[in-house]
Amino acid sequence: MTTTQPPGGLPEVEIDPAALRQLADARMNIELDTGDMILNLGPQHPATHGTLRLVVRLDGERVIAADPIIGYMHRGYEKLAEYRTYPQITTLINRIDWLSSFANEVPFIHAAERLMEVEAPPRAEYIRTILTELSRIATFLLFLGEMGLQVGAITPAFYGFRDREYVLNLIEAATGGRFHPNFNRIGGLKDDLPWGFIAECRSVMAKVMKSCDEFEDLVVGNPIFQQRTRSIGIIPAALGASYGVSGSNLRASGVDWDLRRDGPPYLVYGDLDWKVWTHPDGDSFSRYWVRLQETRESARMILQMLDALPTGPVMAKVPRIIKVPEGEAFVNTENPLGEMAYYVVSKGATGPFRVKIRSASFSNVSILPWLLRGCYVPDVVTILASLYFILGDIDR
Amino acid sequence: MSSLLAVDIGWGTTTAIKTLVVLGVVPLTALLLGYIFLLKMMSHMQSRLGPMDPGGFHGWYQLIGDGIKFLQKEDIMPAEADRKVFALAPAIVVMSTFLVFVVIPAGPRMVVRDLDVGVFYALAVSSLSVIGVLMAGWASSNKYALIGALRAAAQLIAYELPLVLAVVGVVIQTGTMSLQGIVGFQQDGAIFGFSGIGLPLILTQFVGFAIFMVAAQAELTQPPFDMPVAESELVSGYMVEYTGFRFLFFFIGEFGTAFAFSALAATLFLGGWSVPGVHGTAADVLGPAVLVVKVLFVAFLMFWARFTYPRFREDQLQALAWKWLIPIALANILVTGVLKVAF
Amino acid sequence: MSEATAEAPTWSETGSDSLARLDAELGDAIVERAAMAGDPVVRVAPDAWRRAAIACKEVVGCDYLSFVSAVDWMPAPVIGDEGAGDTSTPAQPREQTVGVAGGSTRFQLLACVESTRSPFRRVILKCDVDDAMRAESWVAVYPGADWHERETWEMFGIAFDGHPSLRHLYLPAEFEGNPLRKDFPLLAREVKPWPGLVDVEGMPGGADDEEAAE
Amino acid sequence: MKREIKGMLTGLGITFRTMTRPAVTVQYPHEREHPAPRARGVIALKEENCTVCMLCARSCPDWCIYIEGHKEQRPPRREGGKPRNVSVLDRFDIDYALCMYCGICVEVCPFDALFWSPEYEYSEPRIADLLHDKDRLGEWMATVPEPEPLELGAESKGKKK
């Protein structure tokens, strides 16, 4: 209890022993109260796959707040696209999500084809689908290994790289580029498949299936991995959707939504017998699990397409100098990382007037401030790895 | 002891020779484990070959070359670092490794000092390294290093207990804390009258062996318990600011300690240098080779797990130590004690 | 615009019910509507931008935010001399045009929301931005609009009312200018001469036709 | 608990099994992998086919092709014909430091003067040395592979060397 006198003299303090003890406790608490620590993860940090920067405020090892800072790799592709012709732009968009470049080309080419009212021949669409799914497998195989590395197991990463190499060799044999195929043309493809591709592709798909089994045993089945990922970074379905989280990340939250099936029909997915995988949990583990199943599903789809590959040309008749008629087109596709969309505004010139590039990782990562709150530093790494983003796909 | 080389050597000279031998043995063992397991076994487990060119034969020279490179490097110290502590930390880490080697016997007379409390001593000095780790983390004035060091401290405290408790079973059974005594017990023992392989204590103390291996893995901060260095989160934890020869010290400390713990496990549970029926000078000659083979076997188990498993989270590690390992180790002691009294 | 009462186009076979409900909810706030290869495009009044988002989310069931961005409809200034055969940049029309669903201002907001549940797939929303360069923020409706609006703000200079922290996303904090505006120059294309200019020396004394080479 | 132990052991089994199998890596530079014939490694220039039409330089998205030429008069092809004006290539540089390996230049070339070669060993310590002049580009012609046959059911034809 304290009583104070009017200003002018020292306050007269009546000391109560109980209050004194309380006071001492309070002081003790203040002394024990540790200040928050600001930890800067990135832009160069092994968990950020490039140049994402996370500023996290820590209390001990618990994250109080996280602020992703992006843009270290911003190349301004939307601006650059305004200065280039349509064929030149495909070389740019190869480099948005550089792990699945072929899949990036498809929606842009489709948008241009829709404006020009050109349709690629069926064989071209089949080959496009095969290569899209191949790049999906390549991307996911890397994820399956990389996620192991991020939670501390060094070996799965090498298995991921090893098996991805077979798929990349296939893509290179067909397109000439391992990472940047630039193989799509408005109205079809640059070239047909090389001799022996189908046989080689079949044997690679067998390897992919085996590789998936290996990851199932080495990573998914490992109790430490499960402890590290289960109920870590749960994305509720509705919140995820309103953040624009898409692709496997959203399907791992139980949303049965795949643009290959539910979007406007594109490529030849309608002809195939396949399944959309979902997982009800929405945590890091389910994101891993869904991607593992989707890798297998893609391999199955490719095998079906190899059997049903139609004959014929791979290029429709298009003028030599491509001028796209005036109009707007919006095409979104299910890319390995999620929904990738292009909004193309054309004014009848050889190049677009404006291209809005909607990349998947950008929206997927935008949920991080919400998602990271309250987890531990090691979980930050788990969550970052399980969301699976490519910096080029965030920064464009 | 003075008749080691069949000539009369004074105490001072013997001590000097022993010191030099230990000084040489620690980096050598670190190189051995680093080369066999880190460079070669890991590479093959990952479907690759590892370094093949340096030295001509399977890249045997790689690590030596790396060591020389480290010595040539500029000694970088962060501007904000606590310079003296920063410089001292790696030395303390390595020192604890050196001290463990003092009591590990490689033959009846091939030991620097056979202490009566050898087990106790070895486990005590091995945990000195945590002081060096804490110093390194604090002095680096780096948040990653600090978190890493604090994790290391928490972890080493948690795992010191199961480590010690796992050994208690051995001590109860053999009735001695001297490592030579324990080896002798195993050499002269017999399994139901069959003395062909002696009595490796792993047969009776299997639970103790398993707990010792897990705890040793945690003491060595190897995956799945490598949170203090956690490559993907803390970059390198407490050693993040270290370069050049100071980093080399940490490296030697890491692999030297791995060897020391493997040697302890081999000595306590696999019979150490002993070959049943071989005594005297023959054992002195044969002993080191036998010990190294056993050590490599134990180290293989350690590194096998290291290259296969992901890492725990700090709280999960604590839970494992306090909820599982310590109770099991206590139960093991209880059972051993009861059986000891009963037989 | 008076087309608000015009006959609704067959926007989408599967989603006409949903669109009718969107119509009823927004009423006069819809300035213009159009169809774009099966996708409905709705241009709403600037003061109904957030209301449109709420209607899309609550009434139509578009729970998923694809993107929020903008378009600058002003023609870009020409780089270099047009007569010199410089075809390095695609030649766009010189006069300002409007896109699908019309428009009356230089800047226009552009957004797409999709549905993950109903067969009604998606709707593209547009909204004019007047010279005040302000718009309503969607963050309260779709939290994912946060980064999209920050991007639009720094790239076009459109400020969003109700956005929690409108700061630079890609560019450094001290960056000035709005790169995606058409009058913002692309330096990479201006500091280097175009290597595509025909660089063939004529024969001494002879008048030659450079195009003959093609 | 049983499942956990099984999970731990199968993991060890996989790493052990891999250890006993041969490695998949190639010991570069002692052994080399051969990229696919289509691989876009380096651009080769067949100088005599080039007519200095500038199409490649114009279609390059990166502006990394630099061409200069001059006109020359050549004797007529047939007796009594008019002398021909031909463009002669003085400079043809590709700056591989800028090149994005998209292959548009190879594709637009109407006179088959540019080809892809799968060669990849031309890294340089200095970035300026990545600018290949027409002699260097001409040397790559020897490494251009024959066009490979296409897969069953294909109709289009590959580009001739």
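Order of writing sets the labels: A, B, C and D. Residues in every chain begin at 1.
Rule of thumb we're sticking to: a contact is a pair of C-beta atoms (placed from the backbone, for glycine too) under 8 Å apart; a residue touches a chain by one contact, two chains touch by 3 or more.
Fair warning: this is a prediction, and the values are worked out from it, not measured in the lab.
Of the two interfaces, A-B and A-C, the higher number of touching C-beta pairs belongs to A-C. Averaging C-alpha coordinates per chain places the centre of chain A 42 Å away from that of chain B. The geometric centre of chain A is 24 Å away from that of chain C, both derived from CA atoms. Averaging C-alpha coordinates per chain places the centre of chain C 38 Å away from that of chain D. Taking each chain's centre as the mean of its C-alpha atoms, chain B lies 64 Å from chain C. Listed for chain B are residues 45-48, 307-309, each touching two or more other chains. Chain D has residues 8, 11, 14-15, 18, 24 in contact with two or more other chains.
For chain C, residues that reach two or more other chains under the stated contact definition are 88. By the definition of touch given earlier, these chain pairs are in contact: A-B, A-C, A-D, B-D, C-D.
If you check the complex, the residues on chain D that touch chain A are 3-4, 6-8, 10-11, 13-15, 18, 24, 35-40, 59, 61, 100-104, 107, 116, 148-156, 158.
Residue ranges on chain D touching chain B, taken from their complex, read 8, 11-12, 14-16, 18-19, 21, 23-25, 27. Interface of chain C with chain A (complex): residues 36-39, 41, 57, 63-67, 69, 71-72, 76, 88-93, 97, 99-100, 110, 112, 114, 116-117, 121, 124, 141-144, 146-148, 155, 168-172, 179-180, 182, 184, 186, 188-189. Against chain C, in their complex, chain D makes its touches with residues 51-55, 57-58, 60, 63-73, 85, 87. Remark: chain B residues 41, 43-49, 52, 304-305, 307-309 touch chain D in the complex.
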